[in-house]
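Shared between the two complexes below is subunit A, which has subunit B as its partner in the first and subunit C in the second.
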Partner chain A sequence: MLSNLFRIKWVRISTIITLLAGFYFAAVVAHQQRAAQREQPVLLTDNCRAKLSRYGLEGGEYYRSPYRRDPGTMVPVRRGYSVADIRAIERGCVIIDDLQGEQAQASIERWNATRFVRGQQTSCDHCHQGVGDKQGADGRPQIGSLSLGASWVMADMYDRFTGLLLPFELRQMQCFINSSNGFKPNIADDLIRDVTAYSRFLSAALDLRIGQRYPEQGIDEVTVSQTLKRGDDYVRGEALYRQKCARCHGAQGQGLRQDGRTLVPAVAGPDAFNLQSRNNFSFVSTILPGFICRNMPLGEEGSLEPQQCRDIAFFVSNLPRPAGDKQGPLRAAWQQLMMHGMPPLVGLMSELTHGTGAP
Partner chain B sequence: MNMAINPDSLRPVAADLKRDLLVGLTLAVLVIPQAIAFSTALAGLPPYFGIYAAIWGTLFTALLNRSPVFHGGPNSAMSAVIGVTLLPVAPQFGADYIGYALTLIMIAGLIQLLFFLIRPLGRLLDFLSEPVVNGMICGIGLFLIFKSMTGFAGLPVNTEVEWPLWIAWQTFMAVLEIGNLYAIQIGLVTLGTILCARQFSRLRNVSILVGIVVGTLYSEWLNHRYGLENTLVEQTADFSSLGLVYPSLPLFSQEAIPDIIAILPGAVTLALLGLFQTVAAMRRINRQRGTFIDSRNGIFADGVSNALLPLLSSLPTCASFNRMSVMQNMGATSRLAAISSALFLLLMMLFVADWIAIIPIPAMAATIMVVGANMIKWDEIRYHFNNRPEAVVFVASFVSVHLFGLFGAVVTGALLALAYAKWEKAHPRIQLQNNVLRIKGNIYYGSLPVIEGTFHQAARRYSELVLDFSQVHHIDPEGIRWLVSVKDLPEVTLIDRRSGGERRQGGRSRRSDRRREVCL
Partner chain C sequence: MNLYRPPSLTTRCRDWMGQQWAVIGGVLVVVAIIVVAHRSAEVFRVTTIEEPGWEAFSRAHAVAEFGDDGYFVRAVQHGYNLFFYTEKYAWRFTRKRAGDGHNSCASCHTVEQLAYAFVNSDREDPALQRRVSFEERVMRCYAGQMDGFVPTRYDPAVRDLRILARMVARHLNLGEGALRDET
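Up next, the complex of A and B:
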């Protein structure tokens, strides 16, 4: 009967027009919902509240940062921020600090960020520590701490592998795709704009100059020349991992979660960064060692030798983790099998050999 | 001998001529929106590439291919391959990108010529059964719909390749949430106009043109009312200054070599997708018209054209199913229709170039959506689901476009087609009626295990077994060796049941067809 109805030309035409009008209506509603979301005040996380108040983010005609990079120098006066600007900066900060929305009061607040992340545990500030602005005890930015502000002033960089020009926005998208093992937000998405706004604010607050290369930008990479030059050793890495890392990250790097909050992030398994992330030793062998040497183990930073960092990174990267989007479905299926099949087997083996249970 | 020309005898010729010219004019108008949309929205190239493909590509293929109802020109799938292949290599619409695109097309043309020069390679294309080609075309149709969603909403093109099916919903949400509402309006108006126009049989063939015109008028009205600086709707580039021929050179520099090597799989995909469609189209024309024209004609014409077109800044060419069906419906009789369509378009270049500049990109994206949806034709797919192997091949080919990308789909399609053909051959029908074992099919290395299995089973059961080879079409050397080894067994005798007289005359035996038997 329905098919008979669709034989009538005018029924078909009015159906087409109704469907298209419905689509437009849905788009208008979604736009309004999003606009309303942007109007709402932002619920800051504790870290963000401390960071932003320390840098004196408030409305006004001029912005003058209270932060002094070098005592005695003048901090230039910059154009101030509007109310909408401040909300964008605050949203950007919250996204960096709490990508998964674990600390959000209402789950709706991070509705557009969590959608682009696959795992349960990844968050920007696992790598970009100190909400993208890690500082040492002396109040100076830590060398090679992936500072967002210092990264913004390098705004467009050439990709080291492809040689393509990568704008700041595209670099953020790579974080979403690979380090968060997620989806790519459209480059026009205000999620990206918010993080950019926060990064710009950081560069203004820290008095970083456009085009300059600062030591806190990027990673303090551990190259082969800093090591024993005898090659990196998986077995040594495994022993070191058991000794130094397994206590928090777990014997198989699955991380630690409690009450829906990530206490220690996973370095392997379905919630970790994926195979195409540059954290991956087999992709770029200098980045993860650099991160480990500077930031791990917590409380004993700097206690590891460069060769030890490389060995640990080698071991960690060989634990099973999700495949990258560009690696195709076969690799993805294989990695899924490894991620879900290996941990029980490894646990069983350690029980048989050491008489101890799984981690 | 009467040399005077009888006007009556010319009348049908004149009528044919008139009809062919009319078909040519219609096609010249029809191809314009497709040409612009394919080049700008899919290939990431300036719009004149599509127009020149519709002129020179159509002209070259029409002159080189003697099939009367053949229409070359820009092709959606091939344009999409260019876009997907070059996206990671250089920014779209840039000088480098154009150079790489021309190189890609030229390499594809040379690969196509290889398919012409190496006969077995060309024959290999005939193995591409209809389900393989249809599955790929449907998959590409769906891909085009996903791919045009960003352009539809005035969003920036995604600059990295990923699995379209995986992120389709992400793109859809982005369209709903952050799309430019003016762009969405223009896209929806265009889409609605096209879909509604298609309901009227008279407007069906020109529906895309009508949609583009209405969409452009609407965007002009929006720009007039709100100003282009507020609507921010992208428009197609102006190319009125280019003239009738715009020579160009592919990029073959020292620095470009690594990138050229990287895009070689794309060139193979481009070449194969073009040839698949040309060969399939020629096969279809042959069947519809009840004639036979060797598909090598088409391969040759495509290869030569695609090797030359990069010198004329043009997209690659291959057979166009939709334009050829228009030709068939309007009753084109000769190659004049295709040739005249190219020449009419060349003339029109002088007049339409100014107008093309104001066509909005969302209207182009809406066109691509309709083109993509048109590639999924239920009437043609339906038959594949009646037969299980065909259904499997169709579905696998369809899915592989989305899982493995276009190059992967081409490889999968070729493997599937070969596997399908071999599987059919490797399973001869073997019947055991009492003590007569009838083999229908081929005896070759692939089917021997099947035959041997049944043979030994039957030999164990019957003391006297008769093998009937009368319906065996082909025995390969391995099959002959097997027969010899069977013959050497003490209990087997080979008998030719024909009499000596029959054998000398080559006639047939009385009781049955020519029959060789093995008696145990």
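Up next, the complex of A and C:
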């Protein structure tokens, strides 16, 4: 019946035209939805409200940040922000703080960011802490804390891992693909542009200058030469992890979730960074140790020795995690098997041997 | 007697060509595109031609602070070439030629202006009623002021102007949103 109908030429032609028109109108509707969203006031998270009001973000012809890098110096007057600019900055902030939209009313508030991330937990703020602007107890920017403001002023420089001059937008995309185990948003997507707007605002608030390298930018990498060169040790790493990290991140690094909120992010398993992330020790061996030494254990930052950080990173990176964009389907399938098969097995084993089940 | 004479080789060849003309034509077009694309491979060249004035410019802006050579410095130099010799280096994106007036970015702007535009970009433009990036500004000037075409955001003709602007902004020690009259 139906196949007979499709033999008629005009039926075929009009079906194709209807389909194309359908796609077109779907695109128009999505476009209008976005345009309307840009006009909406932004529902801030607590962290973002605190951060932005501390830096005095408000409309007007001029902007002057209340921040002082050194006592006695004032941040110079800058160009002010329009209402649309402020909304973009606010959206960028909540994207960093809450990528998954756990505190949002609708997915469009985060520009449907979850489409670009496979895991249920990853958020930029897990690694780019303090909403991309982590500060130590003394109120100064934390060294090696992946600061987004300091990153903006250093963007476009040569990147030794890719051998490219990476614009800020591409750096964000890399984090979507590997650190967040997801997919690349378009360079002109609001998701990327709003994060750029927020990062630029941070650099204005903190009075950072273009092309300067600040210690809070990137990672304070821990190289082998900073240790006694006795080699990185998985067993030592496991023991240290148990002692220092497991109470928050869980015995097998699965993180802690409660009432649909991620309290502690996973460092292993389907919700963690993938094998192709620079965080992965066997890919780049200096970054995760650098992150751990400067940023973990949360609240006791700086309490670990370089060798300890390398050992822990070695152990953490060997926990099962998703394959990255370079590994191919076989490896990806194997990682899936390990991620879903290993935790119950390890849990059972420790139940049998110690009588304590791993969470 | 057999009346059938098999067609000669040339006839068969011609018939076959007649049937396949679309395919052959398609292949030729693809080959032509590849050849042309390779001819303009100089767009992505890693070395940069030294144009008059570069020596003095790079000394005045302390470009060597970024290293004697390397990706970044070469991109800055290409940005310099694009800015001062636009008709030669971005000929694909402008209809202006050597003899025309206003045939380079430098005819209307200074590099300092470019740097201030960079640190003030990604802001709402009241006329356009939306936020406009630095790259879009450059693209608009290619298409409008320079009577040409819009490059993509990733094109070296856009990227290296941004990198030039970054270098000058660094030289002037600018921060985000720096105002022109502030000293």
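We take it that the second predicted complex is superposed on the first by the 351 of 359 C-alpha atoms of A that agree within 3 Å, B and C clash if a C-alpha of one lies under 4 Å from a C-alpha of the other, contacts with A are read in each partner's own complex, and residues count from 1 in each chain.
Here, a residue touches a chain if its C-beta (ideal position, glycine included) is under 8 Å from a C-beta of that chain, and two chains touch if they have at least 3 such contacts.
Bear in mind the structure is a predicted one, so any value in this text is a computation, not a measurement.
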Exercise for review: Could you check whether subunit B and subunit C clash or fit when both are placed on subunit A?
Suggested key: clash
Check your understanding: So, does A:R115 touch the first partner subunit B, the second partner subunit C, both, or neither?
Key -> first
Check your understanding: Is A:I187 in contact with subunit B, with subunit C, with both, or with neither (first, second, both, neither)?
Key -> both
Practice item. Mind working out whether A:K9 is in touch with subunit B, subunit C, both or neither, as first, second, both or neither? Key: first
Exercise for review: Report for A:P329: first if it touches subunit B alone, second if subunit C alone, otherwise both or neither.
Suggested key: first
Exercise for review: Would you sort A:P76 into first (subunit B), second (subunit C), both or neither based on which partner it touches?
Suggested key: second
Exercise for review: Quick one: classify A:V235 as touching subunit B (first), subunit C (second), both or neither.
Suggested key: neither
Practice item. Mind working out whether A:Y24 is in touch with subunit B, subunit C, both or neither, as first, second, both or neither? Key: first
Practice item. From the options 45-53, 351-359, 423-431 or 441-449, pick the one stretch of subunit B whose C-alpha atoms clash with subunit C. Key: 45-53
Exercise for review: Pick out the shared contact residues on subunit A: the ones touching subunit B in one complex and subunit C in the other.
Suggested key: 164, 187-188
Check your understanding: So in the complex, which bits of subunit C are touching subunit A?
Key -> 70-72, 75, 118-120, 122-124, 126, 130-131, 133, 153-154, 159, 162-163, 166-167, 169-170, 173-179, 182
Review point. Inside the complex, what are the residues of subunit A that reach subunit B?
Key: 9, 12-13, 16-17, 20-21, 23-24, 26-28, 30-31, 33-34, 112, 115-116, 162, 164, 170, 173, 177, 183-190, 325-326, 328-329
Point to revise | Residues of subunit B defined as touching subunit A within the complex | key: 88, 150, 155-156, 158-163, 166-167, 170-171, 173-179, 181, 184-185, 188, 191-192, 195-196, 199-200, 403-405, 408
Practice item. Note which residues of subunit A are touching subunit C in the complex, please. Key: 62-63, 76-82, 84-85, 88, 152-153, 156-158, 163-165, 167, 187-188, 193, 196-197, 200-201, 203-204, 207-212
